[in-house]
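I am attaching a structure below and will ask some questions about it afterwards.
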Amino acid sequence: MSKIIKDPVHGYISVDDFVLDLIDTPVVQRLRRVKQLGFSYLVYPGANHTRFEHSLGAYHLACEMCDSLDISKREVKAAGLLHDIGHGPFSHTSEEVLVSWFDISHEDFAEEVVFSSEISSVLDSWGVSSDLVLSLIGGEGKYGQVIASELDVDRMDYLVRDAHYTGVAYGTIDYERLINEMKFVDGDLIVMEGGLKAAESLLVSRFLMQPTVYFHHASRIAEKMVMSAVEVALERGILDGDGFRRMFDFEVLLKLREVDGFPGNMVNRVLNRELYKRAVEVNRSSIESDCVDKLETDIEFRREMEKVIASEAGVENVIIDAPPRVGMEELKTKVLQGGDVKRLDEVSRIVDILDDAQSDQWKFRIYVPEGTVKEVKEVSKEFLELENIDY
Amino acid sequence: MSKIIKDPVHGYISVDDFVLDLIDTPVVQRLRRVKQLGFSYLVYPGANHTRFEHSLGAYHLACEMCDSLDISKREVKAAGLLHDIGHGPFSHTSEEVLVSWFDISHEDFAEEVVFSSEISSVLDSWGVSSDLVLSLIGGEGKYGQVIASELDVDRMDYLVRDAHYTGVAYGTIDYERLINEMKFVDGDLIVMEGGLKAAESLLVSRFLMQPTVYFHHASRIAEKMVMSAVEVALERGILDGDGFRRMFDFEVLLKLREVDGFPGNMVNRVLNRELYKRAVEVNRSSIESDCVDKLETDIEFRREMEKVIASEAGVENVIIDAPPRVGMEELKTKVLQGGDVKRLDEVSRIVDILDDAQSDQWKFRIYVPEGTVKEVKEVSKEFLELENIDY
Amino acid sequence: MSKIIKDPVHGYISVDDFVLDLIDTPVVQRLRRVKQLGFSYLVYPGANHTRFEHSLGAYHLACEMCDSLDISKREVKAAGLLHDIGHGPFSHTSEEVLVSWFDISHEDFAEEVVFSSEISSVLDSWGVSSDLVLSLIGGEGKYGQVIASELDVDRMDYLVRDAHYTGVAYGTIDYERLINEMKFVDGDLIVMEGGLKAAESLLVSRFLMQPTVYFHHASRIAEKMVMSAVEVALERGILDGDGFRRMFDFEVLLKLREVDGFPGNMVNRVLNRELYKRAVEVNRSSIESDCVDKLETDIEFRREMEKVIASEAGVENVIIDAPPRVGMEELKTKVLQGGDVKRLDEVSRIVDILDDAQSDQWKFRIYVPEGTVKEVKEVSKEFLELENIDY
Amino acid sequence: MSKIIKDPVHGYISVDDFVLDLIDTPVVQRLRRVKQLGFSYLVYPGANHTRFEHSLGAYHLACEMCDSLDISKREVKAAGLLHDIGHGPFSHTSEEVLVSWFDISHEDFAEEVVFSSEISSVLDSWGVSSDLVLSLIGGEGKYGQVIASELDVDRMDYLVRDAHYTGVAYGTIDYERLINEMKFVDGDLIVMEGGLKAAESLLVSRFLMQPTVYFHHASRIAEKMVMSAVEVALERGILDGDGFRRMFDFEVLLKLREVDGFPGNMVNRVLNRELYKRAVEVNRSSIESDCVDKLETDIEFRREMEKVIASEAGVENVIIDAPPRVGMEELKTKVLQGGDVKRLDEVSRIVDILDDAQSDQWKFRIYVPEGTVKEVKEVSKEFLELENIDY
């Protein structure tokens, strides 16, 4: 028997009993309460979509790709559905904290979730290997490329889905064509010549979505406000990492709202959309000191620096945002051109410059309560040896 | 100065400083945390949209209608934005409980919210009368017809918005045409002849959305499970009506989850989507006894009956669902035909039968834990004098 | 080998070598030059779509229905593609003339086209029976219901396609759901309970599209102007029926444009959009004399009456439009409800009234050159015994 | 009074009496019979849209831009509507022939059309200067930038419109945002910082649409087949340039179809989609001889070479396609960044490489009847000194 679920992005998604059994577990149902885009809804009011529907979408595209590639493997479909099972609350928002505090990514954590929940026994009961599913989620092996590679079902789904819910048109990609034009060549998942423009288009979409949606300063500020609250709660023992990453968005917010001082203050502000402002915003290329590099990797140093700047500027609190530098993995996508397998950035000039162009989108920022911008800007310049502040 | 907000349904929504001041109040921000369709997301995974974006949408259509009607009144725009300010958690889901327990609708409660929050002082500061805004929300006066009448901006927005997020196509209506074809005639807001098909289409859309989305049994079950939990919490004094209606969805769920017994059990089940099943489902026309009428209006009697049936059937708990009977107000929409003002149901045969046809969609149902359907069906037949059970 | 064709309505349409061979025949290619909606583009500027893309769309839906019903028959797919092969120029516009002058419908003419073109030999070469394909086009047998029945792939495609190109929203139907919910029961193609709302929605869509698009007076006027020119050309022997029905739209227009007098005049006016105006417009219910019935069926009488009215009113020319009365076949759609097969109009009140409500949309009209409306109205009233003229 | 026209791309387009008077002229109505994309419908079956609807769309965006820029000038709106009035049949397809044979572009020819038709007297009667409208169409003056500049209403409309009718998703651009973010600075029309991503997106869209739609080899082959027929007809005096450019698509096709020999043969082939095949396809970078440059600019030489190759290869006919090299004007779009006016390609790395990347899309090709590919390839290599043939 199979059931049909209506999805505003893909139309109808067909799920059989095996997949229904997986969907009906609490750890998958929890994804209904983890927003796909963290706090982006504060900028794009429609962006309330969740990891649950994205997981269904990735599963659906995994099925389509299996059809197209003539694979019939339950493991691949399960991996499509479960690829985000290890995500903490607020999706990527918590990922930075979790990785830097506990050094364990959501892909790694997936293993713990699978084996400590009903998932592994559901998989067992259908004769599906949990280890194989986990290795596919990790992008290993031939079929892992469908789930986690340069051009996988995860990326295809989230770009069109984020476009549908934010209303931002840049995410329109022709995933149908792309799926039809991908084939295995010597074990590698390759884009055929007919899919080249669709692949270019996907990469450009992501490039355009980044500053407009994914790195928008206002949602980034809300994220950092809540994550700073989480850090204090972790320090004070109010939260522990293992419990925290199994919570859902509002569980965290409502718990921290009750905490006196900074955590409660931050959460209440975010709930009422009284966001901090940017005191400092600099491009990577404008930074000359090593100080910023250290801020990015050394939590202790960053939290110390926040205190120093706040104290020197005479303000209650400042938040330093030195985001991790992300590359564009998709550039390495393999394509077939004139009979030869090449890298996408070798055959497409537009893709070739994206990695570089993207680093312009990286920003170092400092956030402060409204009315304290000027003081903090001055102090920061001095302490962080910033010559030019762009914003 | 004005700001532009991207909305996936209407494109760009322009908000000026007056409207921004209203948006920036906690009571409007709270609407971001009240889902437009209560628990429909358990059936339509995309239906996570909120009263906040719907309020922005209704405001936007109010602006468009003001332009088309050549009205320039801040009160009308404010009323568009604030028309749902009195909504309790889970939107309409809580409305039934609140009306039957406290006899105060969300339109009535709007007054209390406006005067007990920053809203009234924001309105004052812009020279806008709170009383006038409230009377417009109540549908009073000439301009009240824009906000709350048979064919208002509220209905126009929610139909297209619910279609966008559920993916159900029936909600596609031509609101642009409708707005252009509405004019004041002797103080009445009338649909011109060129808008007749668009008006018919809106009513038919709503008719088709009702069984498919609004009255879908699975979301209705989740609603009744949580509302039964709320009733117990109100009885036990864990919640009080005044506080409850100011809460948002997850505030209620997370509070009740901690309560021992029935409330906690219901909420945990809903969070994990372990829903009750239908033991009984009957159309209005199949009901001959007066018993069901009494179940609809008399809370004490209903709750007593739930206990009797549960006890007789030997099950832990049953939930009786006798929803209020809703009419289709839109049928009275006034239209201009051949120079005369008529009622829409006079000039359109299709509209004429909708009110009647709709009553077929009303269902009386009893929900029970999985595995107890058969026992409860038997007992219910006897106690409620039901001859035929359709489901 | 198969090829993929991009269709703005259905996305990608996959065609194999068999279907490509059919597509590559001149009689199918001719459909690229027959507009789907005749002269509707004079009202809806986007309505330039053709029978060719509609045929591809119907073929695509026939494939989807074959998948869903687990049929694997080349004949059904061919019938989907070829169902309009017998259409004359301007689609339905010429159908009235051809049926009334030569008493042969486009379904009948399909046989002649198939056997007098390469189609029959292409079908032969793939082992497909031309007779069987033709019988399916005629709606015969079990599988004929997929192609030509109350709820067939033809209707599903044209409603969504016409909506896409006109921009009129009423045509949005959920054909995906409908297709998934249709099954064979005792040889009859039946809509399952889960498809009931989608079926209702399709019928209502068609009902709403009729006055707005299909019977819009301006495109109807252009049609009748050109068809009057065709009638004169047939009388004068400039065109013959057999040749005419194999022509495409612009072949007819450019040929008639060169003809002196009325035909050339009519075509030049239509090309420059100098359309005749309505002098008379009456609903069926306003007509009491039998005269109009006779005008509908008796060509001689109609053309005589046109001359009489023109001469009495002292105008160059008038065109009488007494369109054939169309029923809504779809009302007889069979559906499954509570285990029993019923007719759709038995289980749906809204559908039940559509047939009746639709007859209100039928109009009797007389068209005249601009500036002669008043004179013709007076004369027509007298000669046709019309009491009330609505327009 | 004003009328409202439904457009599937922009929704409703409002036209006042002035614009209606312009629309009602034969030279504007003729645009209904000139396809926007020439022969692209042979590849994308939905691409039957016309210059008429595109002109309405450009007019509509010109109105929106006027609103946003607070301009109230009938001339600008008229120029939006009339900007393509000088286009020959098949749009850009005939442009190459007309420019190379008569050295007059469609912008230049607009002047002749305006003054030799009712357009100039309609403009006069509304007190609008024909000369001013023509200068705006030519992109002159401050307001000319709205109509014909790097980022004008023409480009915005055709990209979204071509996407709607072909179904190719790359054309989705956020023209609403772009229009809102364009302002005059010192007489120059500048994109504000908030519109930068939308501008980048437009350029990338066009870049992606080129190989997929605009330069698709199959529609290019049909174009060249018909244009070769036109060239022969011009040589033989069957067509003259002045008459030809005032014809519409089917006028040309049906006239040439009757011509014996090559012209009739080419047109019949295109009508039945029996297209020539590619014998040679080379990128610009693969061409080392000057020969190709000469083929591009010297008609005599090209036609001589076609005869020589055909004769040497022993085939009936070959068609050489050396398209003009197009730059991307939009790269020079002026944008405001950090308070300074800069060129878009200075602030956007992705735009910076587009001009260069685009030159990869240019192809030199030779088309021949099916079955003669091999012979022509050999002969061409030798005569044109081509080392590597890519296809």
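Lettered A, B, C and D in written order, each chain numbered from 1.
Methods note: a residue touches a chain if its C-beta (ideal position, glycine included) is under 8 Å from a C-beta of that chain, and two chains touch if they have at least 3 such contacts.
Computed from a predicted structure; not experimentally measured.
Q: Shared touching chains for subunit A and subunit B?
A: C, D
Q: How would you label the subunit A and subunit C contact, same or different, if same means the shared numbers make up over half of all numbers there?
A: same
Q: Identify the chain pair with more contacting C-beta pairs: C-D or B-C.
A: Looking at contacts between chains, C-D has the larger number.
Q: With chain centres defined as C-alpha means, what is the inter-centre distance between subunit B and subunit C in Å?
A: Roughly 41 Å separates the two chain centres.
Q: Calculate how many whole Å lie between the centre of subunit A and the centre of subunit C, each centre taken as the average of the chain's C-alpha atoms.
A: 51
Q: I'd like the Å distance between the centres of subunit C and subunit D, where a centre is the mean of that chain's Cα atoms.
A: 34
Q: Where in subunit C do residues touch at least two different other chains?
A: Within subunit C, the residues that touch at least two other chains are 11, 168.
Q: Show me the residue ranges of subunit C that touch subunit B in the complex, using the header's touch definition.
A: So the residues of subunit C in touch with subunit B come to 168-170, 172-174, 197, 200-201, 204, 207-208, 211-212, 338, 348-350, 352-354, 356-357, 360, 390.
Q: Residues of subunit C touching subunit A in their complex?
A: 4, 11-12, 176-177, 180
Q: Name, in rising order, each residue of subunit B that touches subunit A in their complex.
A: 5-9, 11, 24, 26, 29, 32-33, 41, 44-46, 48-50, 52-53, 56, 164-168, 250-251, 254, 271-273
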